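Next, two complexes with chain A in common: one pairs it with chain B, the other with chain C.
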Partner chain A sequence: MFEFTVAGHVIPLFLLVLTGFTVGVVGGFIGVGGGYMVTPALIVFGFPGYMASGTDACHIAGKAVISSIRHRQLGNIDWTIALAMVGGTMLGVELGVRLLVYTKNIGLSGVVLLAASVAVMLGLFIYTQVETQRSHRKLEADRKAGKEIGREVKVSTIPLYFQRIPIMPIIKARKARLVISMWVIVIVGVLTGVLAGFLGVGGGFIRVPALVYVVGTTSHLAVGTDLVEIVVSSGYGALRQSMEGNVDFMAVFFMIIGAMLGAQFGSIATSFVRGPAIRYILSYSLILATVGAMMRLVYVLTGGTQEWLAFVAVVFTLGEMVFLCLFICSLVWFAVRHKHGRAVPEWVPPLVVTT
Partner chain B sequence: MKKKGAIKFFVWAALSLVLIVYIFYEYETGKIDQMYYHSTKIDGYAVNTNAFFDATKEKPALLQIEPADEIRGLMAVPVKKGERLPRGANGVIDKKVVEEGKRAKVEGDKLVVMVPWQIKESKGFKYKDTFIHKGIKTDPWSGVWNVAMTIALGLCLGFMAEGLTDLLGWKIQKIEHFGH
Partner chain C sequence: MRWFIHNMFGYWVFLLVISCGLSALTYIYFLQDLMK
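Moving on to the complex of A and B:
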């Protein structure tokens, strides 16, 4: 047990370390901060809502630094795209926060926030799921035909459209092997930043699909590059939240200790899989988070009369965290088995690498 | 590779240790608390909310009102907006709340607290809203300190872990994104 004097609670340490570890695994693997999972967890542990949100933002910044270091070693960061996007992301986050304040002032904040979360996550889930399943089928067909399979397979043609936009300056992202107008990257940064600022999250679950389906990077590069963005956006968010008095640094500290181990595992796990595996996990995390947010939305819309919905939503959100972590662990386990020629389920071989 | 890994690991592990010891020193000496519970935002009574968390309307907590530099137990220190908080205070009961008399009121030289907490909601989540953190102002530099420590901790632990895998000889190679 540890006394968190700022938050005003005594909580078993292992809960915070475990939360940091679990979200570290998921975040390191799919490139998200995990704010939509950690904030509810901290509230369940007894933190007030505002402090849960601020503490979470601060811990995400630290965790993203750890993951980024490992992804840099794995060569999963395209610094050209990351730097081009930073300004747009910052501007977007600020605009998102202002939009949030506006909706709050007209008395809509809670409902609008949850409805927007549900709509965005559901839309992204459907698109990611459809595209990834098509990629998976293509991988399966190529494998059966004895063709060589690359680390990444995508069937979406949307990035080609955006890469043809001829507005100067045009930049060359060497690592991602693409040439694109800098303005496309900046605008992606602004739009995903607005959503992140408005929804009060790091924005990884929006930015990773945007980097894959709009800019046209591979899933691995999207994860690594996005984590660099999260360092900047969450660092800024953490500064603002700390100045408002919403951060318990000791809670941040223990979650970062857990995240150090989890983020290593999650980041290194990306080297065992192909792009579609990352997108699958991302899309599952989206739908699970959507179901949790939908429950809370129904709870708010029914005037808080259905108490069980709020409880189930929290349990569901915490369960999601554990489920995704176990899913990633099992994928790595299957990848290792497959590499050593042992039996694995039929859906596994196209998603993992053997070299 | 292993030699470089060992140097990297031990250097970053030493830095991590220094940082962790420093953070715990700041916590144990109460400096983190002092940065957080820095000054007051409102006129009212500085209190330690932990001392009367179990008070009820039927069994209210009676806090002795007196000026002091440190709060111990059931004490309420009158404070004005912008003043430094006494040590041990973790919230300020607003003068207006006391004047309303629903949650707390003044009786002679005692502050009577009847409703120390109430259920509130944020983003569809319920939580206990207490007097803790109310009316307090955090030292603006604590924001910079928090972020600096977070980033420094992330860097030290991240490079230490990288050094450890190098030291253990795990071959973590760059991913060939466009190969196999």
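Moving on to the complex of A and C:
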């Protein structure tokens, strides 16, 4: 009664709802679609690869709509930046896909492409983690000195260089409170789109750091604005995938049931924390995705003979989603406890908002 | 145990172990047959 059949495989319903919920929480909090977690998880559940990819694209589109609505209510979307970026992103994704086809035609192996994705995620993880730890220490020092601390603290000075580029038209992003050349935003959209199209991902984990460290938005605004991009790009992807027959709409329905609750909670959770907390969770998601991808790569390279490797890769793929969801839920719990004057771990107070 | 709560990296390890444990149990009880 609580299972149904997808492409010849019996799938437990509660796993689909739970997957939708956990990835909804993570996606609403850090502004990613979560395809790099959900597609491997659906394959573990027994979905054929093409069906996992298509079903995931549809689920991401629906989840991104829910998260975007909530982030709009929280004031976390800058429509000027979102609209300036959308065209560049769509063009970039198309270029990235064509680049992928070209590299496949010239015989570049899949291992090299996987190595490229690992290198990108690892590089983003290292920079985000180092910058966020420095921001965390600055927050802690300011808090102990009794200074008033805002919702966002960044130590990176890279955005200042890009904001000084004088190429017209210069636009005023009112919500983000910055003045920047429109071409910077468009080119960021194109470059992140190329990476996303080439690596076969939605690109949220590339665009959110790009918005924070290149354009110079706050982490909260980057999350909300990126989710608008995901609505557009994954909506188009969902349409194309359903036209190819790669979508099981019953599975999408049950995942969206979980996402309805999860995406709302993840989006609201951003209002309990400061910017560095969002960037910490983003960096953890990057390193866990990298490790999971490397495990699957090792399993493939050993010819699929090491069964324990398959088990470890599966457990890690599922565990990654649960870990991120639990971390976000615990941050909210600690924030509520700290607000009421109860004991919390020593690293928590600079990361949470109490007003 | 205190290190696993009051140190951020320790808390990270603590949650990861719990998450992977829950996932391993889910795999063994619900998914292993699906993958055969």
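Everything that follows uses one rule, which is that the second predicted complex is superposed on the first by the 328 of 355 C-alpha atoms of A that agree within 3 Å, B and C clash if a C-alpha of one lies under 4 Å from a C-alpha of the other, contacts with A are read in each partner's own complex, and residues count from 1 in each chain.
The rule we apply is simple: a residue touches a chain if its C-beta (ideal position, glycine included) is under 8 Å from a C-beta of that chain, and two chains touch if they have at least 3 such contacts.
Everything quoted here is computed from the prediction, not taken from an experiment.
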Requested in this report: For A:F327, decide between first (touching chain B), second (touching chain C), both and neither.
Outcome: second
Query - Residues of chain A touched, compared between chain B and chain C (which is higher) - result: B
Requested in this report: With the two complexes superposed on chain A, say which partner A:I256 touches: chain B (first), chain C (second), both, or neither.
Outcome: first
Requested in this report: Check whether A:P12 is in contact with chain B, with chain C, with both or with neither, and answer first, second, both or neither.
Outcome: second
Query - Contacts of A:V314 with chain B and chain C, given as first, second, both or neither - result: both
Requested in this report: Mind working out whether A:L139 is in touch with chain B, chain C, both or neither, as first, second, both or neither?
Outcome: neither
Query raised in the report: Where does A:A64 make contact in the superposed view: on chain B (first), on chain C (second), on both, or on neither?
Result: first
Query raised in the report: Which holds for A:F45: it touches chain B only (first), chain C only (second), both, or neither?
Result: second
Query raised in the report: After superposition on the shared chain, which partner residues are touched by A:V353: those of chain B (first), chain C (second), both, or neither?
Result: first
Query - Residues of chain A that lie at the interface with chain B and also at the interface with chain C - result: 46, 314
**Report entry** In the complex with chain A, residue positions of chain C that touch it
**Finding:** 5-8, 11-12, 15-16, 18-20, 22-24, 26-27, 30-31, 34-35
Query - Interface residues, chain A side, partner chain B - complex - result: 5-6, 8, 39-40, 43, 46-51, 53, 58-59, 61-70, 73-76, 110, 113-114, 148-152, 175-177, 200, 218, 220-221, 231, 235, 238-245, 247, 249-250, 252-253, 256-257, 260, 263-264, 268, 270-271, 296-297, 299-300, 304, 310, 313-314, 353, 355
Report summary line: Listed in rising order, the residues of chain B that touch chain A in the complex are 23, 27, 32-33, 36, 49-50, 90, 120-130, 132-133, 136-138, 140, 142-144, 146-147, 149-151, 153-155, 157-159, 161-162, 165, 172-180
Query - Residues of chain A touching chain C in the complex - result: 9-12, 15, 44-46, 284, 311, 314-320, 322-323, 326-327, 330, 345-347
